[in-house]
């Protein structure tokens, strides 16, 4: 269980003014829950995720995982990055094994585990390729395999499918669901796509910007497993109702900030 | 965790293949004449003919013709005097260049990693990059004399700036997302250096070494021509005072060949050691 | 609450917060003090303290040694750089635009760029004799190739979309070059010009040291032969000022001409 209490963070902007990235955020992520976080750009969703990962400090409040205060990165958490963050000089296998290597796992063992995961994410046969030789979708499979390889209890995903095209994104969503249905770790998944948030999440956390706050938490009562019939799910009335509601809220937020147009990331 | 999801075939790698070039329908001999090699040869031939004419009709005492120079090159490559001068010159080059790499790479790594050191060193590196370093040769001669030490130090000073500047920018350009990623997997400072920073900076380190080598050759030539008249530089000045234009030019040609061979070798090594960076390697 | 408001920031954060110019000034001041101290402690003829060098510089300015030779040097620099720039722009544009020109000159220009330029000094000496022409020749050899290559690659890399746009509005080759291609390539061309200016200053000094008839290069050599360490360092200071000022001047011109380029992308370059 991840408990976030009174989390606040202010940056100093370029003009010297204070920007409130997060203001007094309270959130509880249940065990084995798939939580998606949705919000316009600048709402602090990525900031919050990186704080859970222990990568950036905050000013006030606390984050605890199973009762233990977060103080830097830890072995029970693994992160999947927005722009993949793969080592361009290392092979697919070495990239997947990276987290294990950092923990001092021997070469033979980590390569064996890495090979399993490369197969899990559908990249068997690509073990010796370098990231530059892979498409964006394949690169993010490597990023996912790298995170899964360290057997985390919490998987932190920062707009992982934001940098791939629409069809690939769809495939990756289905595969992520399939993998998660076999291995229900706790997932915190950041996205700026309403459809993605509803499709994947048990609950959707809607955040608003300036200051970054949680504006609403929406339950998604869609049946699981969802991986086998994503298309059917999207035609269901529940799905349309939830997305319509989210869109309504997002539009209000944009109106408040006097902006027109879609949700840019 | 041990998921048994059936593996899927991944989507295709190449998203937009390069469109095939239009077929060249001209006859083979026309294509051969219009090829890059043909133009390169043409360029060289024009240059050689122009040189030959100039040398023959307007050359004067010190300007040999192209053919005289070619013959003199032939002379020199079998001349033991040339090779002993060559060895003496290269002694300074090798020692000075090695010193520049051994000192410059760690220095560049440190400057890249620690912002305070980087900010304070910035103005000096910029000055060193644009200032003609040859002007310190008189000071070198005053302090360590006309010997090997003087030449080695100058070669080192010439080369080290390039090494430091490139290594530093290489470390700074390592994608911050990779550093964050390493930290999220609990990498120690040592692991971060070994697995992220140094491999990430390797292309720039190799570029620095290649450019440093070029500067080292320059330093070697400059110190011998300007101050310490020994070895190859001494040979050039010697031929000049004997009005032996052909051998003077031939020595210069051989120095140029050495420089190009060394830099070509460094370039090759660079592409071997950091193949993933081949398309990043520009502005060399 | 945040680190920015903390009462006493560490030395480290203070240095990090300085602007570029402030950091340079601080760094130069530290360097000057160190120079003075080391010079006084070491007591060697080749490394006199800064104060002594400045006094010597004052003397040389008063006796007219600096001004006359500086003017000579700048003359060499301007003529040499002017020739270089003309060659660089014309040949570079031709190489960037026409495949055959590029094929003919490409590898030779690259070879000459990487070669040690001063070896050509004896060649200029043999052709032009011991005079200003040879020094100008050396300046050209130092600075022109980098400008040819950057101009060529800048012209080659102009977005094909822009060129097609120009064509679609009926621009001929000349108008295409002057109204579309060269302006679009200008920011990258200026990168080459800046490098070329730096190299031209180096060529000027090295040429003058080799063909010691005029300029700062000649008097620095002479000071060395007299074992006048303070004199060498005084002239070196002048040389540094010339080099830095020449590059700064180029940047100023660059900023005026390519003011449409967003500043951030320039900083990144």
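Each chain carries a letter (A, B and C) given by its place in the written order, and its residues are counted from 1.
Methods note: a residue touches a chain if its C-beta (ideal position, glycine included) is under 8 Å from a C-beta of that chain, and two chains touch if they have at least 3 such contacts.
A quick note: this is a predicted structure, and the numbers were derived from the prediction, not measured.
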Distance-to-centre winner among chains (Cα means, whole assembly as reference): B
Farthest chain relative to subunit B (centres taken as mean CA coordinates): A
By number of C-beta contact pairs, the top two chains: B-C
Distance from subunit C to subunit B - Cα centre to Cα centre, in angstrom: 19
Inter-chain centre distance, subunit A versus subunit C - centres from mean C-alpha coordinates, in Å: 49
For subunit A paired with subunit B, centre-to-centre distance based on mean C-alpha positions, whole Å: 45
Subunit A to subunit B touching residues, read off their complex: 50, 53-55, 73-75, 77-79, 81, 83, 85, 87-90, 98-99, 101-103, 116, 119-120, 122-124, 126, 130, 132-135, 137-138, 141, 148, 150-151, 167-168, 171, 175, 178-179, 182-183
Partner subunit B, residues of subunit C touching it in the complex: 11-12, 15-16, 18, 20, 23-24, 26-28, 30-31, 44-47, 100, 103-108, 111, 114-123, 125-127, 198, 201-202, 204-206, 209-210, 217, 220-221, 223-225, 227, 229, 232-233, 235-236, 239-240, 243-244, 246-247
Complex contacts: residues of subunit B adjacent to subunit C: 34-36, 38-40, 42-44, 47, 60-63, 115-116, 119-124, 126-127, 129-132, 134-139, 141-143, 214, 217-218, 220-222, 225-227, 236-237, 240, 245, 248-249, 252, 255-256, 259-260, 263
Contact footprint of subunit A on subunit B as seen in their complex: 1-5, 7-15, 175, 177-178, 180-188, 191, 195-196, 199-200, 202, 274, 276-277
